[in-house]
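A, B, C and D are the chain letters, set down in written order, and residue numbers restart from 1 in every chain.
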Amino acid sequence: MISLVNDYSEGAHPRLLEKIQALNLQAHGGYGLDTYSEEARALIQRELGVPAAIHFVVGGTQANLTFLSAALRPHEAVISVASGHINVHETGAIEATGHKVLVAEGVAGKLTPQGIRKVVLQHEDEHMVQPRVVYISNATELGGVYTKEELKHLRAVCEEYGLWLYMDGARLGNALCSEENDCTLRDYAQYMDAFTIGGTKNGALMGEAIVLLHPAIQKDFRFLIKQKGGMLAKGFLLGAQFGELFRDGLYFQLALHANKMAMKLQKGLLDAGIPLWMYSTTNLLFPILTPAQLTWLEQHATFSIWERRDDDRVTVRLVTSWATDETKVDAFLTALQQR
Amino acid sequence: MISLVNDYSEGAHPRLLEKIQALNLQAHGGYGLDTYSEEARALIQRELGVPAAIHFVVGGTQANLTFLSAALRPHEAVISVASGHINVHETGAIEATGHKVLVAEGVAGKLTPQGIRKVVLQHEDEHMVQPRVVYISNATELGGVYTKEELKHLRAVCEEYGLWLYMDGARLGNALCSEENDCTLRDYAQYMDAFTIGGTKNGALMGEAIVLLHPAIQKDFRFLIKQKGGMLAKGFLLGAQFGELFRDGLYFQLALHANKMAMKLQKGLLDAGIPLWMYSTTNLLFPILTPAQLTWLEQHATFSIWERRDDDRVTVRLVTSWATDETKVDAFLTALQQR
Amino acid sequence: MISLVNDYSEGAHPRLLEKIQALNLQAHGGYGLDTYSEEARALIQRELGVPAAIHFVVGGTQANLTFLSAALRPHEAVISVASGHINVHETGAIEATGHKVLVAEGVAGKLTPQGIRKVVLQHEDEHMVQPRVVYISNATELGGVYTKEELKHLRAVCEEYGLWLYMDGARLGNALCSEENDCTLRDYAQYMDAFTIGGTKNGALMGEAIVLLHPAIQKDFRFLIKQKGGMLAKGFLLGAQFGELFRDGLYFQLALHANKMAMKLQKGLLDAGIPLWMYSTTNLLFPILTPAQLTWLEQHATFSIWERRDDDRVTVRLVTSWATDETKVDAFLTALQQR
Amino acid sequence: MISLVNDYSEGAHPRLLEKIQALNLQAHGGYGLDTYSEEARALIQRELGVPAAIHFVVGGTQANLTFLSAALRPHEAVISVASGHINVHETGAIEATGHKVLVAEGVAGKLTPQGIRKVVLQHEDEHMVQPRVVYISNATELGGVYTKEELKHLRAVCEEYGLWLYMDGARLGNALCSEENDCTLRDYAQYMDAFTIGGTKNGALMGEAIVLLHPAIQKDFRFLIKQKGGMLAKGFLLGAQFGELFRDGLYFQLALHANKMAMKLQKGLLDAGIPLWMYSTTNLLFPILTPAQLTWLEQHATFSIWERRDDDRVTVRLVTSWATDETKVDAFLTALQQR
């Protein structure tokens, strides 16, 4: 039995827990105003090339709703693809702060300049909301990765229409370590107005870093974090973990491992003749299974159903993580071959 | 130098960290749907005597804003004393969910039936908000504790006017272990419609348990937690910690230690002729210092300024916690005596 | 030149203005608590067959946002077709009260049981909003009318899933007086949990009646009206107008005139070989024009562009109203014939 | 029997109704984009001396909530005296848009620089909301009037702390025509960042003009009006009325009449030995009555109870308006003398 149900089933990479253990009984500044958070901010800043305001919050929904409520005036809206996390899986968190999520057409879960342009052109008078932020996730909910060329074009259309470009990086490590990827954090810092760096799904107990590039968005951001309930009293826990992740490249090693495990699984599935909804280069796989294959899989792995198709087949989602045990992957694939 | 600045400077009690360490690499159910959260819920339930829905969230502001947005219709308001955490120290979190905080008169930071009644009687027509929840904190922001008699009277006025009674227990351990206290968790479960049990300030890395007694408030509560960004992906971390705290009384031991350290300090301050703003039986002390005393204190402790008085004296806040080192307390008091 | 741009270009039917004139200098109760509002409520109640709470507000967006914020808990959402007024033309008013508008598939601008069912089945866990109200407009934004059979089926699916059924009747008169229609206000009162009766677009200076059938939605509704800014100080102005409209059938006469003018125009357009986007039985027409026809129309009428098509043709919207002058319609059609 | 219960019991001054009658059957631009609204804006602009953006909405709560939601970021708050309309009588409308109303100490219902300063100094870190707008009403809820000197000082403290100064002018005419007053609209335009000019309580069927002086607040304001439900489809009705009110000074004549009637009543009350809660120079009077006087008054006027005092006396509120009939005032005073 291998766990492929999500990338947040386990706790933290042991180095992070050791770090917490080591500083556990010291007296720290509260609410992110501590030396470990300072250090983590400096380590992330080092990767960016341009000055940024960096904040740590506990979770991804918190990060998204805090950023968007800070960036949008009441009549302004955020553009997302239909499958965007903010559009479906945050229980209306964005609307609960008063803002509409405008759905744009995308390609395989990725937003396109055409999709943005079409939405903008449809919203021209005061009887409609005004698009103001473009939301992308990278890697996407479907495991896709934005290339530098794609980000450049998204940036161009955002500048044309005066939109902020915001990237939800809950799986940013997986994007950065994808074989498709040609971007660095420095590139993101150049093309985005703000983005997040996910810790929860890449080795931390919890935690997302919010990187605010555009000065206009930086103002008073801590007030917003506090108001939305995202300001952790023991903020040093987040600082300590991000410090370990960015001290010497651990963040990238962990994501690379997750991706490698997914690639190994993907090859095995294709070798076994199982088709994929789309080819992945990150840690999310969407094989399409016959009922018999599904039954077999239920005996060998935990996973989630993505979609019941019109034929009797089912698309399932398999997820690897920094914690995925390669020996279990190998055993799974051996069993699959022998099936 | 002794740290008396707050009760969340340190990490977790070692037993809690050990527990996290032990389960760190297991695959857990996500979002609080795991065996450790189940166990912790059962352990807390055991203390209550009546059936409750129990949820864990990361922080206190999160707990308050989620509960209140669940309990209130848009035109309904919550009653609090002026010093209530929701009224002052949550950056308008309650208003950000659309609700007014109505300030009632209290006595020494504690809400009274008279205070509630007066507010209710002032809000009689549809041009004003309608009071619907009564908020108390226990221990209060000023270190006060509600007795059983007091809660009984608050309950009575709430029933008279159809109000929910909600208790913010960020420092519930300190209240329960106060020498003034005559309540148990079972009593709270009887008198309240909902209350929280604070972990952050009593030995946990983070975490508050929300105890929902009244069935009408229980409905769909997880939707609200998710929407407000309070649903921790690795919810087992909260379950594991509350499990340790409530397995064998650790929660009470830790709070008792904090209170004892405060009582020792209080006696020393009084012996040194330093007056207190009010006598405390919990872990918060408010001595009133002359400029010379303040200068001395700055050299011997970290703490916070509470209020600059009209004379040249200053009220400061001293806070002890489960982590306060008794040898440091003794050294501090010796130095104070020798001053 | 004939004005076909909308159905709110003129003021009120003369009888309504006369009524206002007549009571102008009397002293009335404020905020809808006056004898004229009482009378208007009684006149509308007479048409319903079942007891209802009836409120008057100034405008349609106000009516929709007030009703929906009253009916929905924070995590609950409203289902609408994409073209629904609340989804597009209210500048995010519903989201500004904290709620998501879920788009369901419809047929020609009308919502179907299948569309509702699909949305409901997609929203099953606490990471997604929970559908709770179904919004239809009647007549629709595209001029369509719901039949009794259709409403019965919508009602059935709403009862199956515990949803409120709400009808935006900004153009309810046009629906009721459509040749397609087989419903009365009494039928609406049976199938709906709430609906509005539009005055603004049918002879009043302003005003919509909100009819609340289900008792659970009636509670405290005046508080919500006040909070959302919809409580008119001189509410007798709304009562006086609705009284005139419902005293002796004026409401229906006015809508019937608007529809008749549209039918006459529609026949003329079809006779002239101009295709329609869809056949109308109410007061909205959507002819598809060639560039030459568009140029001609610009010289003979005011109207609005609905959509630029992929070919070089344009869909325009023509609107008639209670105030449309039949002699101008005839002159327009004569000119069209002679073109 | 004389009606002294409020200043919105009657409809409109006959000239306004005649104007509406005259333009009733013309086809107008919708939503305030019509020639009458343009003209009214120009007429008001003429009084201001500096360029402003001027919008018309139906009611005062609408004006306040729309302005404040436009001016405030989510963590920002508005300062008001306790008796401010936004703090008490709008059913939490401001909080419903997400913002806290901070209560400052005032003198006799008027806000002072000291009151503002104290609130600002108490709100210094990110755990508290940030004051950003100062709200005053003029005339106040208690009938008081701000002098030029007072406004100058309020302005100074606002500039010192970077606050917007906003004046709710629901009774602006009464302030401007008070014998205490030394300000003109031009002065208000100089000292305020925004203010409203009330029509509802001074001769119009309904309508408040919102005057936005500071360019930063002007941006996208129509989007906000629409979202909050305040955009009247037949906006020409508001334009037509404000046009009449400001064409030749009618606005001032009407308010002057209301004030004169109040002064006459006030003198009569004082002559009859009835004390006042405070001396008034506008249209609101607050006599303090013995039970016997109260009984007498109930037989001679409609009015409202303001406050039951600790002795057995009652403070009542008497209100005059543009529609108050002087012969009725005289008859009332004669009866009072003969009592």
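The rule is simple: a residue touches a chain if its C-beta (ideal position, glycine included) is under 8 Å from a C-beta of that chain, and two chains touch if they have at least 3 such contacts.
A quick note: this is a predicted structure, and the numbers were derived from the prediction, not measured.
Asker: What's the farthest chain from chain D if centres are computed as the mean of the Cα atoms?
Answerer: A
Asker: Higher C-beta contact count, A-C or A-D?
Answerer: Result: the pair with more contacts is A-C.
Asker: If you average the CA atoms of chain A and of chain B, how many Å lie between those two points?
Answerer: Whole-Å distance between the two chain centres: 34.
Asker: Taking the mean of the C-alpha atoms as each chain's centre, how many Å separate chain A from chain D?
Answerer: About 50 Å separates the centre of chain A from that of chain D.
Asker: Round to the nearest whole Å and give the separation of the Cα centres of chain A and chain C.
Answerer: 42
Asker: Would you mind listing the residues of chain C that make contact with two or more other chains?
Answerer: 74-75, 90-92, 96-98, 126-127, 129, 223-224, 226-227, 231
Asker: Show me the residue ranges of chain B that touch chain D in the complex, using the header's touch definition.
Answerer: 74-75, 77, 88-92, 95-101, 103, 126-129
Asker: In their complex, what parts of chain C are in touch with chain B?
Answerer: Residues 69-70, 73-75, 97-98, 126-127, 129-130, 220, 222-227, 231.
Asker: Of all residues in chain C, which touch chain D in the complex?
Answerer: Checking each residue of chain C against chain D gives 3, 5-6, 8-12, 14, 17, 20-21, 23-30, 58-62, 65-66, 90-93, 96-97, 200-201, 205-206, 223-224, 226-234, 236-237, 302, 323.
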